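Some notes on the structure that comes next.
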Amino acid sequence: MKAAVLKAFGTPLVIETLPDPHPGAGELVVDIVAAPVLSYAAEVYSGARQYPLHLPLAVGTGAVGRVRAVGPDATRLAPGDWVFCDPTVRARDEALAPDILLQGLIAPSPGAQRLQAHFGHGSFAEQQLLPLENAFRLGPLDAADAARWCALGTCLVPYGGLLAADLQAGETVLISGATGQFGSAGVAVALAMGAGCVVATGRSEAVLADLVRRFGARVVPVALTSNESTDQQRLRQAVPGLVDKVLDILPPLPDATLVRTAAQLVRPHGTVVLMGGQRGELALNYAHLMRHCITVRGQYMYPREAPARLIGLIRAGLLSLADVALTRFPLDQANEAVAHAAQTSGPFRYTVIQPDATPGTEQGGSVRYPLA
Amino acid sequence: MKAAVLKAFGTPLVIETLPDPHPGAGELVVDIVAAPVLSYAAEVYSGARQYPLHLPLAVGTGAVGRVRAVGPDATRLAPGDWVFCDPTVRARDEALAPDILLQGLIAPSPGAQRLQAHFGHGSFAEQQLLPLENAFRLGPLDAADAARWCALGTCLVPYGGLLAADLQAGETVLISGATGQFGSAGVAVALAMGAGCVVATGRSEAVLADLVRRFGARVVPVALTSNESTDQQRLRQAVPGLVDKVLDILPPLPDATLVRTAAQLVRPHGTVVLMGGQRGELALNYAHLMRHCITVRGQYMYPREAPARLIGLIRAGLLSLADVALTRFPLDQANEAVAHAAQTSGPFRYTVIQPDATPGTEQGGSVRYPLA
Amino acid sequence: MKAAVLKAFGTPLVIETLPDPHPGAGELVVDIVAAPVLSYAAEVYSGARQYPLHLPLAVGTGAVGRVRAVGPDATRLAPGDWVFCDPTVRARDEALAPDILLQGLIAPSPGAQRLQAHFGHGSFAEQQLLPLENAFRLGPLDAADAARWCALGTCLVPYGGLLAADLQAGETVLISGATGQFGSAGVAVALAMGAGCVVATGRSEAVLADLVRRFGARVVPVALTSNESTDQQRLRQAVPGLVDKVLDILPPLPDATLVRTAAQLVRPHGTVVLMGGQRGELALNYAHLMRHCITVRGQYMYPREAPARLIGLIRAGLLSLADVALTRFPLDQANEAVAHAAQTSGPFRYTVIQPDATPGTEQGGSVRYPLA
Amino acid sequence: MKAAVLKAFGTPLVIETLPDPHPGAGELVVDIVAAPVLSYAAEVYSGARQYPLHLPLAVGTGAVGRVRAVGPDATRLAPGDWVFCDPTVRARDEALAPDILLQGLIAPSPGAQRLQAHFGHGSFAEQQLLPLENAFRLGPLDAADAARWCALGTCLVPYGGLLAADLQAGETVLISGATGQFGSAGVAVALAMGAGCVVATGRSEAVLADLVRRFGARVVPVALTSNESTDQQRLRQAVPGLVDKVLDILPPLPDATLVRTAAQLVRPHGTVVLMGGQRGELALNYAHLMRHCITVRGQYMYPREAPARLIGLIRAGLLSLADVALTRFPLDQANEAVAHAAQTSGPFRYTVIQPDATPGTEQGGSVRYPLA
């Protein structure tokens, strides 16, 4: 099979032929139909992010595809099934806190590196080997829509955070960093889960306005400045009532002011979930947390069964994949796809690699159409 | 104050003047603006239902009104606040399983009867005395809309069941008895909570069709016959995928066939909540429950904080009070209101008593208008 | 490797040589040190229980052993580790309600039968192939004690039920069927979990007395007769206060009287867990369940992480393996072991097969000694 | 009735006669038999702690006594019942996050001050007025043992934290500040809840040794120095395996080093509960919390039903009140009691005021005896 291989950090991906994978027990092989390209993939492959990963490796994180072959112990999955390929590989020999590999992206611990040695190759390839538990049936699908199901992988991240926050229908949630690709997906997911009000914060007024245009009056936009007192004042004026939950999903920023500003806004007995990229320490007032019974939870990715649930939300029409801009690249143009994603990915804008796409303008352009 | 008093079971309500209530600590008095009339109120007041209740008593269960006066320990409520009066009075001196009085309706245990002796008078009155914990702020309100907030009390019952089922956004829930007033409210609440699909069962094809008209394709109607094998076949054909949760909210029926048919449909690891009126025993297959890890939960009313949450759903626009038919009666016509409710109440049709309504045709008619 | 193979239902086990298993990814091979023999194994192998299972097959369900080899994706387990081999194999390609195979015992669904085709061979063998997630590290161990860790497999079953009941420290739990091997283990586990009082019911006064001797005054024994009114009276007299939780773990009985008697005793807002062998239907009063918010939960086996937690309870000294009678058989005498288990297994009495045991009286006798 | 009244911060308590309280609905009056004196009560009454409180006021926080009279809506409590008087008064007119008054101690918000205006008088008195929901039946009691039930109030605080941590039987919990009165009570409570191992940290080696003497090998003592690297090394050496939960219950200290040291020790997916007195900010590594899915929860006091549950643990013999040193003072010597508590209260050492105690040496001395 053809795959886009990273030979060394800082070198371009090389399209080469790897041996076809064959599934053993507990495994399956998927024919990749579309694989999303992360906006920061270029930073990972260049080495700038210093993500631990053994090279050479076919990169690419998550995909949509069709089951090619299953191991002998598969009970539900069968060749031909459309599936979402969850890149979150969890160690099977630890029940409470397993090591986690993100396929084709990061192996942040010795245990994860053992997982990488077996399940390492990513989704920028014609085929991918996955643990059986990482493939989730999508149901019947029009092949033309496969690419936009890649948004599922982005939505899953804030979904994990909103589950960790135990978001209940009718509650108000503040999403700190709502103007990024993950944060804006979080706004959509929170509304699909029944949030009564989503306070969307970020620095781009244009993106905030677009969120209101897309989702209506349940979204309350608040443009922030990183000036703590200005921001707190803006939030106090804008937020109607109490904030039940806060999800921080900001990218790495020079300081923690925005995180703090958001976290301090949660109501007594509320929950703040941390999923962002902040480096360094987060300082919060001990007595405030204690006196008001506030919970602060770190959350990495999402629970094992989350993809099945989120697929249900999409299938029910509660979370739409329709109004999403897609730029398609064939596998041969993987480097172009990575560069394109770095420059253009953003809220509701996805770059995908589709192995069988005819190289050309059609795949290279932005297509926006309603999902049947 | 004027009130509609039941002197003895089987006699008409008498409009008479009772002493004005005054709130002690832990209490408030509400000026009643609108009180809903249950469809089966006539059966309670006639004695046919044999509900335990000490008479004479001002009847009426739940209301919408404005705070008139609060006890000295009120911290948030203040005179003038619009509030929902929750009739579910819980004994304060038992933490784990308190006795429950439903004001103006039923006092089913010795403990509940002690509660009735103090908090007994119901909402068919100009004023009502309530425990502080039973008044929930509605926020600013147009007085013309007060009556339709009475639907909140009906919605709360299935909401309690759906909370007991731990309904998650995207799940499929079967509501057994969806064509009654409580069941149809349950369909609306389940959708507001983010249910991906609501399988609505009942015997009235017209009401099922109206549910689909109101709520769209997320509602899957299934007309049942009480013939177990016919019904199972219809359900199997109609239901798309697995049923995660079942809520039984059927009225008393001669046999338990419909309850069983619904309960048996839940998927492995699913939950069946029992809130209906079935008399006698429910027989379920032990090995089926055990092998498939199925939970069957009885649920009476709803948790103490449920009204606050459901008000949030309504305020957020997720649960609409707009498309509801109201028939209004003044307090002087309480007996007419009870008779009218018995004849006409049904899905999305409410009869309310409003103390200050001018008696006349306007209140006697059905008004349907959108809520601003 | 040598194994005890069931060629056809109703025929004796045959000791023969099977190919040594080799672990693929997601798998490990364990050198079996001790495998427990279920008291009802004879009924399964004879065909009397009509358990679905493809033959021929090396039987045996659960074991204690040492890791021989691991697949390439193991992150924590390593050759030489002492492990508990959990026979509960869950399908990996279904997140919410996976098919379950009990190795060497029962494959009750088409999905489970696919699992059996790969992971079928049981623990009456020198080696066993297992999914990685089914091996749980026991920590350092004296080989002489390995056999008594087989009790872990028995304790896990009621532990699953007590987890399903959400048993809290200080609560009162009634164990219905406390005089059997699983029920008596449940008494020990409930006390280890901090139960304030365990009401132990059963028909054997001798076993009940032994439970009190072992565990002291927190055990309240109640000898039952299967006469519903006599039993209810005895329970009412014996039980000090309210019963928070009920665990039914009775073997198959001609009628459901004892199950009903126990279930009806739970307090309002309490939980009844069903893990027993009752055939046919369980009829419970609908209005009683509803009015008192009672939960009835079927539970099959235990959650995936339960063995890790229960090992913690044992390691902490809260659950003792010391006062257990063991009868040891070598693998060659597997048929004798099965016959012996059928005749003698009971509360705190275990029959185990140890491949390397020298055949002879030492292994054939009952040894009772304290665990270091 | 006689009561010890604080007229102004910094002045001695004055024993004077207040009007006897009479219970309205939702209230009861208790004849106080024993009221505990907090070790830091002197700092509150002197004004040093600057606790918000309207004076004059009968002080005293929590008590054990007998019901004298109940309001008309009491369903379970009756005159003569032995009860624990929970000082944690929660506002009734807010369901999700009520204001909290600690009777006779602190009213930290405007809402709490409204509560104080009605329920303010504390337990250093012959009688006390309480909300019905604040009295918990203790069951039959020998009057001579009433005073040692005052330890319940101290145990409840760490119990609230351990419930917030969702401590499970068999888990390892680190109690940071285990050598204080609340922390040492937390060690006892954690063991009663089935903790497999309690890592007890503090600076007093003598107290740590006493904890091991009292509770045995499940307690792992670690003497800390406030030098972060030394302490981390000691902890790493001493702790056997992973720490599932951390409870910080340290008193106010000049810096947060000890809190951080403890918090950083929790395992992935573990929980840190904050109940201590730290002032200022707690800085924790964002990426560490996020990558390891760690939860940090502030917790103030305990849930409403916690006293009922903890009484169950004591009644079951799982939590002992026997080995506790008591110094008794009559109400007339309230100032001496406060001074004595400041000087001598500590782990398992309590000072109590008993209104009917004969003034003299017997009550003034330390008595240690086993509870029947």
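Note that the chains take the letters A, B, C and D in the order they are written out, and that residue 1 is the start of every chain.
Everything below uses one rule, namely that a contact is a pair of C-beta atoms (placed from the backbone, for glycine too) under 8 Å apart; a residue touches a chain by one contact, two chains touch by 3 or more.
Quick caveat, the model's predicted, so the values are computed rather than measured.
Interface comparison, B-C versus C-D: the pair with the greater number of contacting C-beta pairs is B-C. With angles rounded to a multiple of 5, the C-alpha fit of subunit A against subunit D returns 180 degrees of rotation. Centroid to centroid, with C-alpha atoms defining each point, subunit B and subunit C lie 45 Å apart. Subunit C and subunit D have Cα centroids separated by 41 Å. Counting partners per residue, subunit D has 96 as the residues that reach two or more other chains. For subunit A in complex with subunit D, the touching residues are 96-97, 108, 164, 256, 259, 267-269, 274-276, 278-300. By the touch criterion stated above, subunit B contacts subunit D in their complex at residues 24-28, 70-77, 91-96, 98-99, 110-112, 114-115, 117-119, 131-133, 135-136, 304-305, 307-308.
Subunit B contributes residues 168-171, 192-197, 217-218, 309-310, 312-313, 315-318 to its touches with subunit A in the complex.
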